[in-house]
Amino acid sequence: MAWQDDWRRVRAIARKDVTTELRAKAGFNSVASLGVTILVLLGLALGPDAEALRNAAVGAVWLATLFSGVLAFNRSFQVELESGALEPLLLYPGPRWTIFAGKLLGNLIFLTLMVAIVVPAGVVLFGVQIPARWPSLLGVLALGVVGLVVLGTFYASMASRSRAREVLLPLLLFPMLVPVLLAATTASKALLGADVMHEAGAWIRLLVAYDLVFLTATFIAFEHVIEA
Amino acid sequence: MLNGQPDRAIHLNGLGKRFGIRWVLRGVSLDVRPGEAVGLMGPNGSGKSTVLRVLGTLLNPNAGTGSINGLDIVRDASGVRGQVGYMAHTPGLYDDLTARENLRFAADMLGLQYTMVDSSLERVGLASVADARVRGFSAGMQRRLALARLILRSPRVLLLDEPYSNLDTEGVELMNSVIAGVVESGGAALVALHELAPAKAMLDRTLTLVEGRIAATHQERAGLEHTTPTETR
Amino acid sequence: MSLKREGKLTSSTDHLRDTQAARPPRTSNWLAFVSFAAVIAAQAYAILTSPADADMGHLQKIMYVHVPAAWMTFLSFFVVLVFSVRYLWRRQENDDLIAASAAEVGATFNGLTLMLGMIWGRPAWGVWWVWDARLTSTLVLFLIFVGYLALRAFTEDAQQKAQWSAAVGAIGALNVPIVYMSVKWWRTLHQPPSSPETLDPAYTLGLRINAIAMLLVLIYFIRRRYEIARLERAVEHMAEAAAMGGG
Amino acid sequence: MAWQDDWRRVRAIARKDVTTELRAKAGFNSVASLGVTILVLLGLALGPDAEALRNAAVGAVWLATLFSGVLAFNRSFQVELESGALEPLLLYPGPRWTIFAGKLLGNLIFLTLMVAIVVPAGVVLFGVQIPARWPSLLGVLALGVVGLVVLGTFYASMASRSRAREVLLPLLLFPMLVPVLLAATTASKALLGADVMHEAGAWIRLLVAYDLVFLTATFIAFEHVIEA
Amino acid sequence: MLNGQPDRAIHLNGLGKRFGIRWVLRGVSLDVRPGEAVGLMGPNGSGKSTVLRVLGTLLNPNAGTGSINGLDIVRDASGVRGQVGYMAHTPGLYDDLTARENLRFAADMLGLQYTMVDSSLERVGLASVADARVRGFSAGMQRRLALARLILRSPRVLLLDEPYSNLDTEGVELMNSVIAGVVESGGAALVALHELAPAKAMLDRTLTLVEGRIAATHQERAGLEHTTPTETR
């Protein structure tokens, strides 16, 4: 029974966040458009050489996801703060990790939708050739997104409650995401290139390990973070 | 009063709280018995909100101890949260959700049936705007909705921070009936306020906080209409 | 190590009983003297005894600061990790203050390593910077702890600050080896790392002596910073005594 | 006398903004560190090849300035909104353009300080060779910063009052800044390369024209924007 | 009453305001003469705040006209702003500046001497915390500071939205003395409130707003202690 109650809480939080985000008209659409805009900017700044662009494609897609994703994470806690709704949230009885899990789930849904727009846009804009083994590419994408969401949600739970949320979140998050960025871009590049599956393999293992380590660590740490 | 209930619903002993190096509460001791509603008065900045926030487990005390129905507010914070209904200065609602969605969310978090949502919207007189977004609500409507959320959890102890502000006459009566309901079933209430008038009929006594200390106790219901200075600790 | 000397401050609710703890801690002038004397001696020894490097000539002598500084960076952040975890475990204010002091000192050494490395790299490699694994991960490590210090600066409530930075410190330290591995792999896919791995035994003794001297400095700095933090807290506790005691 | 009153208002707003920013302790420091962090991310995403990185250097510096600058602009109006201070601000008698001018001045100071950190970091990290004609490079930089601040401040005055400010501002701003980005990067690249002064010249003229046009346009438009 | 002054300090004729398609004000007409203080009462959501915000040039009306001391609130908004002191539900202060810096900023914006800052801090009783940041102020202290900013500009017309909330007894007296000062020098005040008690002595009459229409006028000072229903338009 207890786990059912907990699961109901997790679902309620995720549902509320997604609803709010979709309803705040500009919410999802504009984060996705922003992702595309950043892709264009990267293209222009790195441009005009087509070869150089193709090489930069993977990195650009990940950076665009990262930069626009940060905004989404911050918003998810900001909703709580705007009219002091975090206090009532903290005052519900029941375990606190459900709050983290709910936020995590909401952000995961949100970011998955976003990636579904940014990645095709990147493929088109940067002229990437889609290889036969695109399912593995999707796998890399998913692992990267999980890493991004786990740490993003965790740091947002603090940053968005401090006074400098917009600055603090990327400042904390970006250096921590260096392994994800490297692993995801290098693995994707390997999969896009000839093949070298064994090379991509090592990076994918790194991504899996990273996701597991930080999923565990943040779940443990969240209780300490949210209560203060 | 119910059986097996501790004889102090709210208990504070020597509570101290500081922000930075400034002590805002300097040894506040108070007891509220089950079945009692107590007012907390005092000038601006005297620490009323801080007392309520500490009791509601939103702030940790820097000195002293406190308990709600025998549960320690620091060690057993989670238990305390199950008993307490706290209402802050601000309503704490999700602006982009409707009134009903806000309460359904609360019901989810509390593990309650959705049917209770409609009855509590009814009770606070917001049934007609149940599906309007909270963003467009006036100050008083928001406070009513916060009240609806409060009664959803059937609290045993109420901690109310200036609950009458923004409410019209009808809203004040509503608030009083909620307090009366809790108190009559053996619960307790601690209510911070500046203007005694709307709560006069409700309160058994009032405490006055001055510079972080209890300065006086005032009997309301018993008809002792004078101020009893108490020893400050 | 004297860092671990127990001062009996204070979980947030207990410290009232222990008024002893409110007394300002002793300062440690002797350690300042010893550690700086040791650094001067060690530098003098190393500079005088080491032969001029075949490629770099006397430039090589930057090594005696650069390398120990790098080691001290790692050591400080290890202290952050240990005391952050300990804080989350025991919730003692002291642990937070030690972790914070170590983070500040570590970030300073980290910055020093980067600066000296770049100053060295310019004549040695002809560029200020290469995207080598060791360099890049040192920079990322620096940024991680800049974030940690920014977080501390942006939060006001002491307990919130302690809990948040303990979590961030521990998780940040956890990531350091992963960052190092990933940057290394990223690099090695294309070309071997260009950082100098080989070290002539003629330099090792000088390096070791300097490392020990630098360790003393590190201990001195962390302790000193910690004492200041304690003094700040002591002021708060004295204010408390005044507030709670007086009529 | 009137212009003195106006100038006093402009100064008061700029001073208040800078004070707030400095007082929020790490305010400036962390925006600057974020700029450096973004440079590092760009370096890692664009891959280990040194030649590719050198080519990307100018673009990366501008992008890092842009992305961290956006945060600064949003903050400058957010301060007004946090406790409803925008309403009192609007209720002061006197011309509304002083509000815009004050914000503009504050942001310009802030961004200049930031560029003074991000640009040297970019030069070092990406191995840029500083040419003899670096003063013209500084000129391009200044023109670019002005364009960035003018449009950034203007759009922030709208975006920061909407609910989706973090997303809306870059979404409105980035496409508008495409000319600045292109002109500044191309001119800088030309100045960094052999020389081709006449090539850089055309871009610099574009920058000057852009700055003047939008400075005028935003001053006119601001009165309409702020009042709604 | 001063010479050459129009005989209506606040004037609204058939004011209509809608949000989206919902009409919140449906033809509100009222007049406040110089030297008069008028209360605006009514249930939650009846439109009190909206009336004040339109008068204060923060919202544009969708129908009807209004003026302050003869200046049209739409066409001459800037002139109106020079005359009006508006106090909202929220204090609207800069949290990271100190009390004094907040007022100095206001003085800069209004083109006033800094010496006035200190005297108005004195007047609201915040002189002792003048150099503390507003972030740590309690609800009532913030409202006092907002009041200090209000008197800095020596307004001719006051528009106050529930000004007594969060204020202690001393604060209420202070607020009343400010209103009295403006009114006695020939100014006017329109005050939204729920609880009449603190303002009783101040108000000449009260208007009651119900669903966006003036429903009743109530004479306070003249001793006519009964409600006069007026024609709703």
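All chains are identified by letter, namely A, B, C, D and E, in their written order; residue positions are counted from 1 within each chain.
The rule is short, and it goes like this: contacts are C-beta pairs under 8 Å (C-beta built on N, C-alpha and C of every residue); 3 or more make two chains touch, one makes a residue touch a chain.
Everything quoted here is computed from the prediction, not taken from an experiment.
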Graph distance between chain A and chain E, where chains that touch are linked: 2
Fewest hops from chain C to chain E - one hop per pair of touching chains: 2
Chain located farthest away, centre of chain C as origin (C-alpha): E
Chain pair with the greatest number of C-beta contact pairs: A-D
For chain B paired with chain C, centre-to-centre distance based on mean C-alpha positions, whole Å: 47
Mean-CA-position distance for chain D and chain C (Å): 35
Whole-Å separation of chain centres (CA-atom averages), chain A against chain C: 31
Chain D and chain E: spacing of chain centres that average the CA atoms, whole Å: 39
Multi-partner residues of chain D (each touching 2 or more other chains): 24, 26, 30, 33, 37, 40, 44, 163
Multi-chain contact sites of chain C, meaning residues that touch two or more partners: 140, 143, 146-147, 150, 154, 157, 159, 183, 186, 189
Set of chain B residues in contact with two or more other chains: 19-20, 22, 96
Touching chain combinations (by label order): A-B, A-C, A-D, B-C, B-E, C-D, D-E
Contact footprint of chain C on chain B as seen in their complex: 14, 16, 18-23, 26-27, 60-63, 65, 74, 212, 232
Chain D partner contacts - residues on chain A that touch it in the complex: 24-27, 30-31, 33-34, 37-38, 40-42, 44-46, 52, 55-56, 58-60, 62-63, 66-68, 71, 74-75, 163-164, 166-168, 170-171, 174-175, 178, 181-182, 185, 189
Residues on chain B engaged by chain A in the complex (per definition of touch): 56-58, 78-79, 81-82, 84, 86, 88, 90-97, 101, 105-106, 108-111, 149
Chain A residues touching chain C - in the complex, by the definition given at the top: 154-155, 158-159, 162-164, 167-168, 171-172, 174-176, 178-179, 182-183, 186, 199, 202-203, 206, 209-210, 213-214, 217-218, 221, 224-225, 227-228
Residues on chain C engaged by chain B in the complex (per definition of touch): 12-13, 16, 156-157, 159, 235-236, 239-240, 243-244, 247
